[in-house]
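Going by the order they are written in, the chains are A, B, C and D; count residues from 1 in each one.
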Amino acid sequence: MKKVIQIMSCEEAIKSIAPHSRVMVGGFGLRGYPEDLVDALAASGIGDLTIISNDLGSPGIGLGKLLTNNQIKGLEGNYYNWNPEVAAAYNEGKIKVNLLPQGTFAEGIRAAGAGIPAFYTLASVGTELAKGKETRTFGDKEYVLEYALPGDVALLKAEKADELGNLVYCKSARNFNPIMAMAAKYVIVEVGEIVAAGELDPECIVTPHMFVDVLVLKGR
Amino acid sequence: MKKVIQIMSCEEAIKSIAPHSRVMVGGFGLRGYPEDLVDALAASGIGDLTIISNDLGSPGIGLGKLLTNNQIKGLEGNYYNWNPEVAAAYNEGKIKVNLLPQGTFAEGIRAAGAGIPAFYTLASVGTELAKGKETRTFGDKEYVLEYALPGDVALLKAEKADELGNLVYCKSARNFNPIMAMAAKYVIVEVGEIVAAGELDPECIVTPHMFVDVLVLKGR
Amino acid sequence: MEMSEEIAKERIAKRIAQEFRLTTNRLFLNLGVGIPTMVADYVNNANVFVQAENGMLGVGPLAKSDEEDWQLINAGRQMVTMTKGCSFFDSSVSFGMIRGGHVDATVLGAFEVDEAGNIANWIIPNGKQLGVGGAMDLVSGANRVIVAIQHQDKKGKSKIKKSCALPITGFHEADLIITEYAVFAYEDGGLVLKEIAPEVTLEDIRMMTEAAYKVSATVKTMNVA
Amino acid sequence: MEMSEEIAKERIAKRIAQEFRLTTNRLFLNLGVGIPTMVADYVNNANVFVQAENGMLGVGPLAKSDEEDWQLINAGRQMVTMTKGCSFFDSSVSFGMIRGGHVDATVLGAFEVDEAGNIANWIIPNGKQLGVGGAMDLVSGANRVIVAIQHQDKKGKSKIKKSCALPITGFHEADLIITEYAVFAYEDGGLVLKEIAPEVTLEDIRMMTEAAYKVSATVKTMNVA
């Protein structure tokens, strides 16, 4: 059971993150990521984190701060070329990296949220990213078995929430946020605005409040 | 490639359905199913169909008409207790039935649309519905392997479309329609209204027009 | 023991509602057809949010005749109402909620349950039924499974069996069994009698129950108000 | 052969655009970073709908300075505009489109391609890169894969190889390879030269191409306008 939705400061919300947690962070290329929450996490110094996110921002910007601060033990994600410090830290053996094709990464997150432990996909078959992975033929094609990617905590960004915790997003800032809301046990969302229950169109709510624990207001 | 969206009569649209086709039909309990299209399909007499739908309406109502007309070779779906003629026809050996848990049925349709050939689920493990199915243990639980459920044609119901073919739905009439739009090769949608492109909020479009071939206006 | 079916069902629904009435946490609840749907009428707690597997979170009370909306039904095809903050989604998202463990509790009717916590509620193999609905997904996916069941069938035979004879919906899935006369919890691999109705004795329950069970050291009188 | 990189890239983008310019069907197109993004500028066909894997269908031209919207980017992090009828969705839906075969064509840059249709475009193992993006999903999922690539590297070595040396993104996935000097199709298990630029001869192409290929009986002059 989730508590009734709680509205907190970033600092308060971040206290739910223990060292060694698997932390999912929404966003793609510095858009749609929870800027204030990430800053608070960086300021907290909480370490040994596994960060599950598409990318790791840029050097010293966004999630990049966590690497600069040595708070990261491992990464599960898709694209770190926007932050060359990731390859450097990986080469030095400072961090582990589970690199996945973007679609496999997205589907693994959705699978975790939807109770699917594993699924098959064509992407990466035969490549270095499929090394050591199980494959299986369906029809005339070979597929690779991929697993659900669950999180302990998710730090997300949405445009607007209602008091219950229902969420809507803005344009391409939606990206991984809705599926991460389903995949993590405890979900903290940074929003621009909180409106009364009933003000969001029930047909247009993207993330039902079933998937949300805490709201923080951006800029507070 | 899909043709530019076509607006047709039901009779014209139904011509794309060949005998022996796998026809997906949206709806749940006579809500959110394409009434005019189903009537046109019943009137056409096209036979040997495999109908992929949650249920089969009621005797002589909605999809029930197709059974009364002997147009059905097989069913893939979830719940036929609302139409006792289904059990009767099955017992007489007139039709084949692939009965699936509702969540497995929904996920199989989504998987077909999303290029996932197979996935694992807890539902039905150890039961009669899992007889002969492959199982596998992940963690400490046993799961059953289930397969994608693709369609040749989908007959769907939406509340409103724009000229491009983007769709929005109404309340619990949404049900299986959005995932069937992804899972069938050719998608025909009965809508109440067609508006100009740009009139639907891009944040609220549920089915992008990538998944839609033909629109028919209900009541025409 | 004589009790009309109507009164029995109402009592079961009311007792189940007590499981949810006082929660100060949000509780996401899926209700099956029959007695379970009646539970919603007695919950009266704004923290309880009803999910319908046909694609809705925040299902309100059954629609009165002037509120009926053809396109707004629950999974039992009853016309329902919306609550503030309700949302709609497709069937794959709905079962993602269920399979993914986001639904806190499901209340289901059953033909039989047994002392292993097995539930039989999807089919009586009499050739007249062919349907499973969301029951298998719900019993395996929901965090807590509450079985709403009359204690005995019309011939007076126990529906709480040593071992289900009918096809099973889910194995070891029942967490709580609530009848008009008793409340059993499934604990440490077996049934434990937790409550009995005011008008019956422990011996009465023993007589009307086929399954083996332990009697809780703190067995209480069931609140049937 | 002397051609500035800028002119070469523009020529490649323009030639690729010809593949889409006349379609009277709707064509759903995903464009990679670099030359592929430039393709959109030359298509001018309202039937072509650009999909961005970060969750948008109906991507418009790059935003001018007064149109810039921080929350509206393509997968290359460029600020873009919306077209009428565009829509937004999450990353799992976006890759459902791609993996599910709903994207008609993808245009991708590459480090190398080879005569088996293999594409190497995700990593140069120099220790400075660690990222794959959507390339593996796109080459395996899109119905038609068009590789936009300069014919030779800066040292004059062919980028159309006998066999890729760099890590492969997808095996046998290239359908069309378009350089500033030539168009190759992958047909019947091998490369076929279909077009050559006006200023080069078949012998020039032979000299600058490492991969084996057949020359089409109907080889044409590439339209470079």
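To be clear about the criterion, a contact is a pair of C-beta atoms (placed from the backbone, for glycine too) under 8 Å apart; a residue touches a chain by one contact, two chains touch by 3 or more.
Just so it is clear, the model here is predicted, and its values are computed rather than measured.
Compared on C-beta pairs in contact, B-C and B-D come out with B-C as the pair having more. For the pair subunit A and subunit D, the distance between mean C-alpha positions equals 29 Å. Distance between chain centres (mean CA atoms), subunit A to subunit C: 35 Å.
Contacts with at least two other chains are made by residues 82, 88-89, 92, 95-96, 98-99, 141 of subunit C. The set of subunit B residues touching two or more other chains comprises 107, 110, 114-116, 121-122, 169-171, 202-203, 206.
Going by the touch rule set out above, the chain pairs that meet are A-B, A-C, A-D, B-C, B-D.
Per the touch definition, subunit B reaches subunit C in the complex via residues 28-32, 54-55, 78-82, 84, 86-87, 90-91, 97, 99-104, 106-107, 109-110, 121-129, 169-179, 206.
Chain contact summary for the complex, subunit A toward subunit C: residues 1-5, 110, 112-116, 162-164, 166, 182, 197-198, 200, 202-203, 205, 208-211. For subunit D in complex with subunit A, the touching residues are 52-56, 69-75, 77, 82, 88-92, 94-95, 98-99, 127-137, 140-141, 167-171. Against subunit B, the residues of subunit D that register as touching in their complex are 23-28, 47, 49, 51, 57-58, 82, 84-89, 92, 95-102, 104, 141. Within the complex formed with subunit A, the residues of subunit B that make contact are 107, 111, 114-122, 138-139, 141, 143, 147, 168-171, 201-204, 206.
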